[in-house]
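The following blocks contain the structures, represented as structure tokens.
What follows is a pair of complexes built around subunit A, which joins subunit B in one and subunit C in the other.
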Partner chain A sequence: MEIRKISESEIDNLVLRIIEAYVSSQIKTGVWEINTGVLLEIFPFLVEYFNGARLMGISNSFKSQNSFLREYINELGAEHKVIISLEHPYGHDVVVRVYGLADTLIYSFGYHKTALWLDGYEEEVYKSIEQLVEFARNATDKTIVDSYEKFKKTKIYELWIKSKQ
Partner chain B sequence: MDKVKAVKTLRKLVNERSLEKVGGYIKNLLVEFLKEHQNYLSSGFYHLWLAVSAKDLEKLLLSNIVVKQWGMKEKDGVVILSWYLEIYPKNPLSSTKTFEIRDVEIFVRRHLIYTSSLDYIEHLKRAAMRGKVVEVIEALETLFRLIVDEVESRTSEKFVMLRFDRFKKTKIYTDGMVYLKL
Partner chain C sequence: MTFEKFEKILSEVRMALWNYITADLPAGWEKIGFSIPIKELRCVPLELALWARKLSLISPSVYVDLVDKSDEPIKLIWYTRNEVCATYSYLTFLASRVLAGQIDEVIQTCEKIKEYAKNGNKENIRE
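Here is the complex of A and B:
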């Protein structure tokens, strides 16, 4: 008998692929406006893959960064609006970006959730995946569409269209 | 490992305030353990999962980091800890099975975040210098026991499979699997 030599665990790879496949099957790419209350339901733990280097001066620990961001979001209020975008840049990989906070948060969604799953947050992971899917299905995108309509009336857009002709 | 002898030697080195010697001695104890179990090993690196209870986490002197800083949570009574172990042979050209150990490195890491890792020997060295000599030796004893247990009973795999079996019952698994097969 010997220690099994593995480059990565088969299980975490499988969990990652299944989560990404599930999200890909339910949601296509998109941009939505949500309030921070919903954001915290989708990402109950905000900082796992947030680039901590940008939070200079704050202890580099998971908990203190997490509580710092939560505190910041709580101060903005649950009705504060942020924009989230979802894209599949490589295969099934699902990348979520959150705009409208002090800094842009970027999550490789499946990777983020798999790490949390391994860290012992099973129920939280399942719940937050379902939250994202449910939200994306029901989102009306009204503000985004309105903004896009306004943008279409600008000179920038007109010139861009002309350059394509 | 002779605990009494190990505590005595480590305490002597700590009293000499020699950081290098303290680190070297702790590493040496790990090398001795690996030599004793060389039938488990080949040279190179290992990603090793260990299922660790809250009590063992305390004994490993990792509770503060793993639970409080990294935010890992106990599930089914254990935390699954990811370790990185690298064994360097004296002669790089020797067979991976029959070799003499030149050096070892051991890190505890956050799952899938390879930039967040803790040099475990360095961690124990600092603890020893703070006067936790007995605790450091007990931490090593616990680590050795857990490695042997993992190799002989595949404990962590059993716990991860428990989680995976629960995952299989979710809609995410069934729908995701179907989509993967398409």
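Here is the complex of A and C:
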């Protein structure tokens, strides 16, 4: 029997499709509040955001930056809220946006986790996928809705409404 | 909440904040720039706060550009050694912080921006 060699790109593609299919079937899409503590569980390598979409390897400098970032986020408090949107606009991969932490962060969940998986971070990838699924199961937008209603009662909002009249 | 609904309320909050920040500026202004110490801003994007701390600067400042009729009218610009290190779309960030529950902190930040904008360098003020 002839054994066919599988190329790295085929493995890459297979892992990506499996992650995409699993995550898309498990999460509800929408915009939710998220505590930075939970965000760090879903994205244990948060610095990956700042280093481009495709991670080609994790250097010691990267790890050191990540630890620095974690330290700072921990200082903000695990309850510090930011906003996360989960969408799969093209029917496959989940597009994640994080608002109110830095400039709006946008990236493809599957591509990112696949890159980490190929770099040998399998356990971290499995854990973070489960954390995302768990988060999405109980996700709420209460803070967003309440804050919007509260904002509508401020003089800033009232002035804006008047300016349009 | 759907993505479409969120984008709609985020846009509303952005417009209301922008209207408030620019309410007292002279008629016909187009662009105003000023430098402000980071510590004056109650809400700061994460990377900026990190850099300020990492570089161990005692009182780092950031440059703010207010540009009328722009898609992203408040830009925070971070300079090191006279080179632009990074820019941030600050109005979207502030609106996001409102919806994440930091209304009071955002209002205090807007007050500071208004205060500094009054004395900022104004360009292209139409007669």
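Observations on the model:
By our rule, the second predicted complex is superposed on the first by the 116 of 165 C-alpha atoms of A that agree within 3 Å, B and C clash if a C-alpha of one lies under 4 Å from a C-alpha of the other, contacts with A are read in each partner's own complex, and residues count from 1 in each chain.
Note that a residue touches a chain if its C-beta (ideal position, glycine included) is under 8 Å from a C-beta of that chain, and two chains touch if they have at least 3 such contacts.
Here the structure is a predicted model, which is why all the values come from computation and not from measurement.
When the shared chain is aligned, subunit C comes close enough to touch A:151, but subunit B does not. Of the two partner chains, subunit C is the only one that A:101 touches; subunit B does not reach it.
Of the two partner chains, subunit C is the only one that A:82 touches; subunit B does not reach it. In the superposition on chain A, A:135 makes contact with neither subunit B nor subunit C. Of the two partner chains placed around the shared chain by superposition, subunit B is the only one that A:12 touches, whereas subunit C remains out of contact. Remark: subunit A residues 29-33, 50, 68-69, 72-73, 81-83, 85, 87, 99-104, 141, 143-148, 150-151, 154, 156-157, 159-160, 163 touch subunit C in the complex. Subunit A meets subunit B in the complex at residues 1-3, 5-9, 11-12, 14-15, 17-22, 24-26, 45, 48-49, 61-63, 66, 111, 114-115, 117-122, 126, 129-130. Chain contact summary for the complex, subunit B toward subunit A: residues 39-42, 44, 46-49, 68-75, 79-80, 82, 110-113, 147, 150-152, 160-161, 163-164, 166-167, 170-173, 175-180. Chain contact summary for the complex, subunit C toward subunit A: residues 1-3, 5-6, 9-10, 13, 15-17, 19-20, 23, 45-47, 49-50, 53-54, 88-89, 92-93, 96-101, 103, 107, 110.
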